[in-house]
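Going in written order, the chains are labelled A, B and C, and every chain counts its residues from 1.
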Amino acid sequence: MNKNSSNIMALAPNTSNKRETVCIFGTGDFGRALGHKMIQSGYPVVYGSRSTQISNLVPKDAEVLSHAEAAQKAAIIIIAIQRQHYNFLIPLAEILRGKVLVDISNNLKLNQYPESNAEYLAQLLPGSRVVKAFNTVSAWALQSGTLDASRQVFVCGDDMEAKQMVMNIVRALGLTPLDKGTLSAAQEIENYPLQLFPMWKFPIFLSLGLTVFFFFYCLALDVIYTYIYEKNNFSFFIAITIPNRVCPVMALILLALVYLPGIFAAIIQLYRGTKYRRFPDWLDKWMLCRKQLGLIALAFASLHVVFTLVTPMRAFVSWRTSKGIISQALNNKTEPLDKTNAWISDSYLALGILGFFLFVLLGITSLPSVSNNVNWREFRFVQSKLGYLALIFCTAHTLVYGGKWFLSPSAYKWYLPNIYMLSLVIPCAVLVVKFVLIFPCVDKPLTQIRQGWERNPKHSE
Amino acid sequence: MNKNSSNIMALAPNTSNKRETVCIFGTGDFGRALGHKMIQSGYPVVYGSRSTQISNLVPKDAEVLSHAEAAQKAAIIIIAIQRQHYNFLIPLAEILRGKVLVDISNNLKLNQYPESNAEYLAQLLPGSRVVKAFNTVSAWALQSGTLDASRQVFVCGDDMEAKQMVMNIVRALGLTPLDKGTLSAAQEIENYPLQLFPMWKFPIFLSLGLTVFFFFYCLALDVIYTYIYEKNNFSFFIAITIPNRVCPVMALILLALVYLPGIFAAIIQLYRGTKYRRFPDWLDKWMLCRKQLGLIALAFASLHVVFTLVTPMRAFVSWRTSKGIISQALNNKTEPLDKTNAWISDSYLALGILGFFLFVLLGITSLPSVSNNVNWREFRFVQSKLGYLALIFCTAHTLVYGGKWFLSPSAYKWYLPNIYMLSLVIPCAVLVVKFVLIFPCVDKPLTQIRQGWERNPKHSE
Amino acid sequence: MNKNSSNIMALAPNTSNKRETVCIFGTGDFGRALGHKMIQSGYPVVYGSRSTQISNLVPKDAEVLSHAEAAQKAAIIIIAIQRQHYNFLIPLAEILRGKVLVDISNNLKLNQYPESNAEYLAQLLPGSRVVKAFNTVSAWALQSGTLDASRQVFVCGDDMEAKQMVMNIVRALGLTPLDKGTLSAAQEIENYPLQLFPMWKFPIFLSLGLTVFFFFYCLALDVIYTYIYEKNNFSFFIAITIPNRVCPVMALILLALVYLPGIFAAIIQLYRGTKYRRFPDWLDKWMLCRKQLGLIALAFASLHVVFTLVTPMRAFVSWRTSKGIISQALNNKTEPLDKTNAWISDSYLALGILGFFLFVLLGITSLPSVSNNVNWREFRFVQSKLGYLALIFCTAHTLVYGGKWFLSPSAYKWYLPNIYMLSLVIPCAVLVVKFVLIFPCVDKPLTQIRQGWERNPKHSE
């Protein structure tokens, strides 16, 4: 089969009666795993290798030839070798001319080289058509068939036809190709598998910082202050009492921080009188990590719920309860039911439960498979309307619970406000401004600005 | 480039070496966002606009021309303008002849116009090939790349080839096209983004109505009755006690309502002796909203669980507990452990926990991504077998918990049955009939009917 | 329309202006449901039937002809009849020559026949091009449009072009085709809808067995021993106390069993000095069901959490609490707070909560839609790093909780160790060996082996 005919065959992948032969350069882990999968899917596979002895590791239906021979057998060549060895392809440039070269390489560090591996390959072999693909798939997942991690294969390349041929192979292997555009996207694609939750970095660091701050704030006020002034060692508060103060505070603040950028955006749009100017960069970034902030808030809220529910099981709490009951019994009197207290206790519990319930609902709708099944209006309804309702319930829960401390002087140890008061600042601010923003006289111009209907003419084209 | 050649190019989208040029009429939000995304994916984009001054809002790699000039450059024209302005396209009819026009418009209300926007466009320009697409995607999501809401793009149109061309673009943008058939589906597609959980409407209204009824029923019996006859103000029951009575009742009734239509269907099929006649309309609709009913039941059950778990934290409960203990202490006696009571208390808790556990399992398997990974037999096993088991556990939980009230006269305040008894009617009926239906003498003919094997010959063709 | 022209049309499915006609043999449930869906998607449908009377069950836009006539009208024929009746197709062999026959049949039992139905069909009609498809889709789901169960359609066949034609139809119906290769995969595809959680079988049987063992172990030590030696009937422990001992033990052991095979694999690789030899079969299988083991462990852990949280609501527990308080009150003394006990109680609760929190996080990331959105490095970070952290927390939780029993002789009833001690064996072993494996002197060669860099030369090619 000469080179021409193989190219012609490749040009019509869907109408040929057989799958086109694929050549793989390199018999390393990934090369073997990919070859194995391709043979399963009906592709004839030929390996290009320095040593053409048939290794028992190479899939048994595959042919092993020299690089030059193997390349001539196929229109698509998968380069399953390290970037450092790309040089050896230069002598093969003539054979590889016009062929589709699939760069599947990954680096060990983000932006390790000035240009991406795929672009480097394209520079070395300007006559070939380089496509980046498969670098996000793991050899182990390919071989074991357990594609729990992503089925998505990012593909990019300058040659449309070459890209289509590679995407057809991707589909045939049961994976989902995602066209990322020209070869200039290769850098991003090569960085992708090296990333570790890039969208989560800022929210996680922010919440870690705040958590540490609030933890030591509570430690100072609840343990150290008590130890100094009341000579009482409550160091075991570190295990549950203090975490259960920090968690709800973090949950409430982070939930408010989810809705704060929307407030800022509305104010900026109202002030500017147009939506056709970009928001400041920090606001853009903030808006893009709202989902992450919300999910971390949900995690804190869940911890708060469980920490609260184990309360009756704590040795300290049952000791305190017994002490109260025994002292009543020894004094021969039974305190009557304090109905105000019963109302307050039941109200903040109920408010907290409803707030948490809505919060969990928000979390569930942010699961990719659920949000893929709702339309834009439904998604906005849940994330905005129900989200604000959750914020209102949670703020009310905190207000009813901690309200009594506002006026009590004992709450101001070392002249510092109680942690509840600190936690209420941002949520209350968000709710108050939002309340102002839904007044018709403010809401109407804002809606018009957002529909693009009205803008100060100075900003128009 | 004349019109002919651009059409020829478009006919072979997969084999041309470059992406075909796309023209966008209108430089509004969506037009710009779509153009931006298309340029990213390698499509040359040309805008048709009244003012051909280059606006700084239009993507910088795009050309801006007059409508007529822009239309001549491309085989596909995206109509990113309001339906009210479609009239201005009539003078361009000759240039647009044979072109693919993509209608992306949305309305503000359901069924706002007698015909869909896309059909209206097709009537105005009978020589063009109109395809409806992209109307469910939001401009903001396109631009920010955070396609949390649906990646699905509904496409419809009368011309197969035009539809294929549009679907190829949709795929290239990283979205998933879903072919909805001919242009007559456009009305439905245009209504889609205006819908707010249409499948949820009936279940939500039903449960809201029942919740309100049971709330006031409990309010009357637990608060008002006590206030009138025992002069005791237990108004704080509104916060937790009453919700925690209403929630389990609602969960149990709604769960039973999930399985009731299946029972009706079986009886109807047995009676008719065939499965080849349509069920009554109300039964069809009921069967289609079983998932929603079940999920609302799960929400009520979850609330019941949390409301129950906070019980020991309530001021009223700790007051009642102390009172009991103190009165024992003051009387100098310790009551022995009532083992029957211990059995009953532990049993209903355990039954409730197991029922709730199975219920959550059902909820998890109804997540789209989980149900996509099970086969039909597994899905039916979970939803039917485990679902009935959950119903049995939950009914038993309620029976064991509330059983003692059945014979106690104090449970019939104002001659009204306790809410527990009301909640048990439907679940018990479902379980009893289901029990009858699995008897071999009933199950065998039913299975045969469902396999289509046996039917009264009068209904056959 | 003669056969040739219909084939030519079919060869260019994407560029023809109309959808090609599809013929369906058989007017049973599935045939009708599929035909209905196809007409909706714009395919002209013609039925082949013995009786050509127009049945009112067949979709009204479909034509009903004799088998021979219907077959001549289309290039694709869907065989919606039982395998037992395939024989009647033999006389039609000449008409069916070159046509694409889609076998959609299912069997009632796994491996019911020596060869798959599709292969049998291909043997009967060697001139036709047989494709297996649609057998995993249910007629009811097709008709009602509620494709909650899988949207995936497995397709296999020896003829590439025929397969592509069928996959195009699958896509047009809004389903996702998945190419499983040649017709030899038909057996597997036919078995798929008959399977009931095949990957779950071993983990479920293993955990059932262990659960039964531990249940009776606890029953003997807690109920029977107490009854014999202390004449106390604590049979109600069966409902909550014993399940709440078995659940945490099962959760901990199963979680450790998730990480044990990784430890074995590391030791085997270190011993062999290469990763290029297959693991023993049992280890391979074990590694493939780690996800299932982990999820079952999570189910046990969740049950443990709820069983624990209801503790204060149990009649037995409130009786025991009252008894303790009353005896203190009657003796006129209040025990001081035991701070060591407070530390221990709070620590094991906090450790358990954190361990469970991480465990739930692991569970959420194993949802298909979540794991599809993380890259391989992130997936491994969560499943490995956070997983080990969860194991450490849960083991510490058990150690702190049960630690006091290790030295207490009363814990060795009938000379048997307490169940806590049994549960700690595997987790502690896993953690100790893992700790050894992360020492640099062990970790460095292991990492090298896993990167394929270093291996004993005797194993190389």
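We take it that contacts are C-beta pairs under 8 Å (C-beta built on N, C-alpha and C of every residue); 3 or more make two chains touch, one makes a residue touch a chain.
As the structure is a prediction and not an experimental result, all values here were calculated from the model.
*Asks:* Which is it for copies chain B and chain C: same residues on both faces, with over half shared, or different residues?
*Replies:* Because under half of the interface numbers appear in both copies, chain C and chain B meet with different residues.
*Asks:* Would you mind reporting the rotation angle for the C-alpha fit of chain A onto chain C, rounded to the nearest 5 degrees?
*Replies:* 120
*Asks:* Taking each chain's centre as the mean of its CA atoms, how far is chain B from chain C in angstrom?
*Replies:* 24
*Asks:* Identify all positions of chain A at which a residue touches two or more other chains, and write them in rising order.
*Replies:* Within chain A, the residues that touch at least two other chains are 309, 312, 325, 329, 367-370, 372.
*Asks:* In their complex, what parts of chain A are in touch with chain B?
*Replies:* 11-12, 159-161, 164, 178-182, 276, 288, 291, 305, 308-309, 311-312, 321, 324-325, 328-329, 332, 334-335, 337-339, 341-347, 349-350, 353, 356-357, 360-361, 366-379, 381, 452, 461
*Asks:* Applying the document's contact rule, which stretches of chain C touch chain B when the two form their complex?
*Replies:* 14-19, 27-29, 40-42, 51, 53, 55-57, 136-138, 141, 144, 146, 148-152, 171-172, 174, 192-197, 233, 235-236, 239-241, 243, 299, 302-303, 306-307, 309-310, 312-316, 318-319, 322-323, 325-327, 329-330, 367-370, 372
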